[in-house]
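Shared chain: chain A. Partners: chain B in the first complex, chain C in the second.
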Partner chain A sequence: MSESIVRALKCRECGQEYDIAPVHVCEFCFGPLEVAYDYDKLQGKFTRELIESRPQTMWRYKELLPIDNDPTVGAQNGFTPLVRAKNLEKVLGVSELYIKNDSVCYPTLSFKDRVVSVALSKAVEFGFTTVACASTGNLAGSVAANAAAAGLESYVFIPHDLEQGKVLGAGIFGTKIIGIRGKYDDVNRLCSEVAGKYGWAFVNVNVRPFYAEGSKSLGYEVMEQLGWKAPKHIVVPMASGSLCTKVDKSIKEFIKLGLIEDNGTAVYGAQATGCSPIAKSVKEGTDLIHPVIADTIAKSLAIGNPADGYYANRVINESGGWAEDISDQEVIDAMKLLAETEGIFAETAGGVTLGCAKKMIESGKLPRDESIVLCITGNGLKTQEAIADEIDKPRIIDASLKEFDVLAKADGVENI
Partner chain B sequence: MSVNVRIPTPLRKLTGGADEVSVEAATIGDMIDGLEAAHVGIKERLCDDNGEIRRFVNVYVNDEDVRFLDGRGTALKDGDEVSIVPAIAGGAR
Partner chain C sequence: MKQRVYLTFSEATVREPIIWKLAREFDVITNIRTAEVKEHMGLVGLEIEGEQDIVDAALAWLVQQDVHVEPIEQNVIEG
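Take a look at the complex of A and B:
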């Protein structure tokens, strides 16, 4: 691999720089650290042709991901489909709508496979042998799976009341899974303490600056798949708010490197009303984020005290986007709408994204005649409880043609 | 007014190791200036160049975040408990 363009870790608040290390908080002002790059080193070298010549994984953009060598964990991850959503366009009354479908991300069916691939590859470079995370579910599964494949030990910490699909979807990989009596915010606080005491790589604590950069690959892919163009509008689900900021960063990087034209992309955030501290701040016109006690079926987004809330708020405001929140019933309705129109079974967070987009289209916040991308970040098979009572049960009959004829007739189907 | 201020571990180097100090102050702004007078260097850790409390420093008066009170102007009364707590960085998405 060519020389890394990673320069340092830089405090987002006071600007102090630190050598590359598994640290995430500025010692001086307690602000979050972010990876800083020397983009000039890539001028003229990182071209569309080079990227297109590489395998279809998130690592085709490896120059912009913060590891020194080739990835050792999750080298196959990413590069999910961008689907033109013709049926949904008709239902919503918009002219150009796409679904970025990370519900089929390899290997654990959520966009977390992107961030984990970067975090664990970096953890290996740092010399860690045990990796860990605080998770609302998808991250736990992804850390467990990618750690297993890489021969790393793992500990995953989750709220005790997660969906069974997510608990099972982590446990199967032989990880050590710890359920905490409390909300995600309690899990997160405990993990900050554990990370300080044990010598582990916590992907979203001490390795967070590297981990978070993995989300940019979703944005890079959208732009390449649109034919080297940024969408006019992009809607992302928000929990900590990190994805929102990294999608914006991915677009700014591609513009800076001359890979795309500036399309004035506006970024929109989606939350469930039962946990909507970021959306609330945007709608109220403040940048103060009031922490809340989360209560929603969209458990993967249930972070009441969002770490990147302020930065997500700023990206939304500066890009000219907006934020919205919807009820749990609207989340379910949107999950069904996405499945019935586009054949995509998204998890509850996907319902949040589509449902909020629908609401913003109806309110005029999202224009009907410009390109819109919806980011679907997780798979519905993991959150079946949320919709179990909303879906038709099979009608049970004997293996008898006569019995089926009765059903068909009731459906209004004529036999020949 | 005399208030007790709880000092977080990363700032105790500046208070000679003390985890709690007592300050005479009528407002949070006063309190920060009082801390600075007794423990030089602590104000720049708590406040930015404009004197605003830094984004990832939380200051609580009797468990209420001063951002949701009157910020630096938040009034203090005798016996108030003030806590300085660095925000926990983390989170998933």
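Take a look at the complex of A and C:
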């Protein structure tokens, strides 16, 4: 592997720098730590040709991901399709729309496989043998699967009322699942105590700065797949707001390295109204995030006190984007719209992204005549409960052509 | 022991001298490390030092005062 350009961990608030270690909070001001790089070391070396010559995984951008050696976890992850959504373009009345489809991310069908492969590869470099996470579901499955494949012990902590599909989707990998009576924010509360006591690598606690960097690979891929350019507008679902900030960082890095032109990309955030502290702050024109008690079917976005809310708010404002929120019914309607127009079955968070994009197109916040990318981050097979009552049940008939003829006629199908 | 917390004050509590009251009520050392106070809301990064049970009681008291208490280590990103 080429020389690492990771320089340090740097406080996003006061700028204090720390040696690379499994820590995530500035000792001085309690601000969050972020990985800082020496980009100059890559000047002229990290080219489009080099990237294109590599396997189609998220690791084709490995110089910009914070591990020292080749990945030991999730070496096949990433490089999901970017789909030109022609049918949705017609429905929404826009000229150029793409879906970044991380609902088929390898191996657990959500974008969490990106962040987890970075977090666990880094955890292995640090010498951890047990990894853990607090999760709203997708992360649990991803940690469990990637840990199993890497031979690591894993614990996942989830809210007790999580969708069955997500519980099953973690349990199958032999992880130890702990259901916590409470909301995701309560799960966090316990996890931080466990993280402090047990010396495990908690992907979204003590190895969080490395974990979060994995999200950038989604942005890199979008730019490469668009033919080495950034979209004019990109819509991102928001839970903690981390993805929003990392997509923005990915674009800025590619510009800095001369891989793309500055396209003035605006970043937009999407939330469900039942948990919309970041969207609310953007709409109200403040940068203070009021914690809320989450109540939405979009459980993977149900973080009432978003750690990166302030930074997501800043990215949205500085990039010229906007944030929106929609009701649970609108989430379901958007999930169906995406499935029926583009054949993509996204989880509830995908409904949030499309539904909010639709609302912003209708309100004029998202222009109709410029390129828009929607980030779909998880697979609908995991959140079937949310739409179980919304989908037509099969019409049951005997194996009789006569009976089918009756149905076909009712559907208006001509008898040939 | 030392506990690091983020305190979020609502519009109803942001003008109250709650941290002063805390130090009067409980035998703890309070050390404000970061703060942002606006008309409708306040955020304070606070270190509280003292005996474990007193620190726990102090944090419980803050919650009773309608302050949102989020231990720093628990300020976890999405999952």
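The criterion applied here is as follows: the second predicted complex is superposed on the first by the 416 of 416 C-alpha atoms of A that agree within 3 Å, B and C clash if a C-alpha of one lies under 4 Å from a C-alpha of the other, contacts with A are read in each partner's own complex, and residues count from 1 in each chain.
Following the convention adopted for this analysis, contacts are C-beta pairs under 8 Å (C-beta built on N, C-alpha and C of every residue); 3 or more make two chains touch, one makes a residue touch a chain.
Keep in mind it's a predicted model, so treat the numbers as computed, not measured.
Upon superposition of the two complexes on chain A, a steric clash is found between chain B and chain C.
Within the superposed three-chain model, A:N313 lies out of touch with both chain B and chain C [touch as defined at top]. Look at A:L288: by the touch rule set out above, it reaches both chain B and chain C. Of the two partner chains placed by superposition, A:T296 touches none, neither chain B nor chain C. In the superposed pair of complexes, A:G196 makes contact with chain C only, with no contact to chain B.
Contacts of A:G31 after superposition on the shared chain: both chain B and chain C are touched. Legend: residue contacts after superposition of the two complexes on their common chain; A:S121 is shown touching neither chain B nor chain C. Within chain A, the residues touching chain B in one complex and chain C in the other are 13, 25, 28-32, 134-136, 138-139, 184, 188-189, 191-192, 204-205, 208, 239-243, 288, 290, 300-301, 303, 305-308.
Residue ranges on chain C touching chain A, taken from their complex, read 4, 6, 8, 10, 33-34, 36, 38, 40-41, 43, 45, 68, 70-79. Interface of chain B with chain A (complex): residues 10, 45, 48, 54-57, 67-68, 86-93.
The touching residues of chain A, counted against chain B in their complex, run 13-14, 24-32, 134-136, 138-139, 184, 188-189, 191-192, 204-205, 208, 237-243, 288, 290, 300-301, 303, 305-308, 310, 377.
The touching residues of chain A, counted against chain C in their complex, run 13, 25, 28-32, 112, 133-140, 184, 187-189, 191-193, 195-196, 202, 204-205, 208, 211-212, 239-243, 286, 288, 290-291, 300-301, 303, 305-308.
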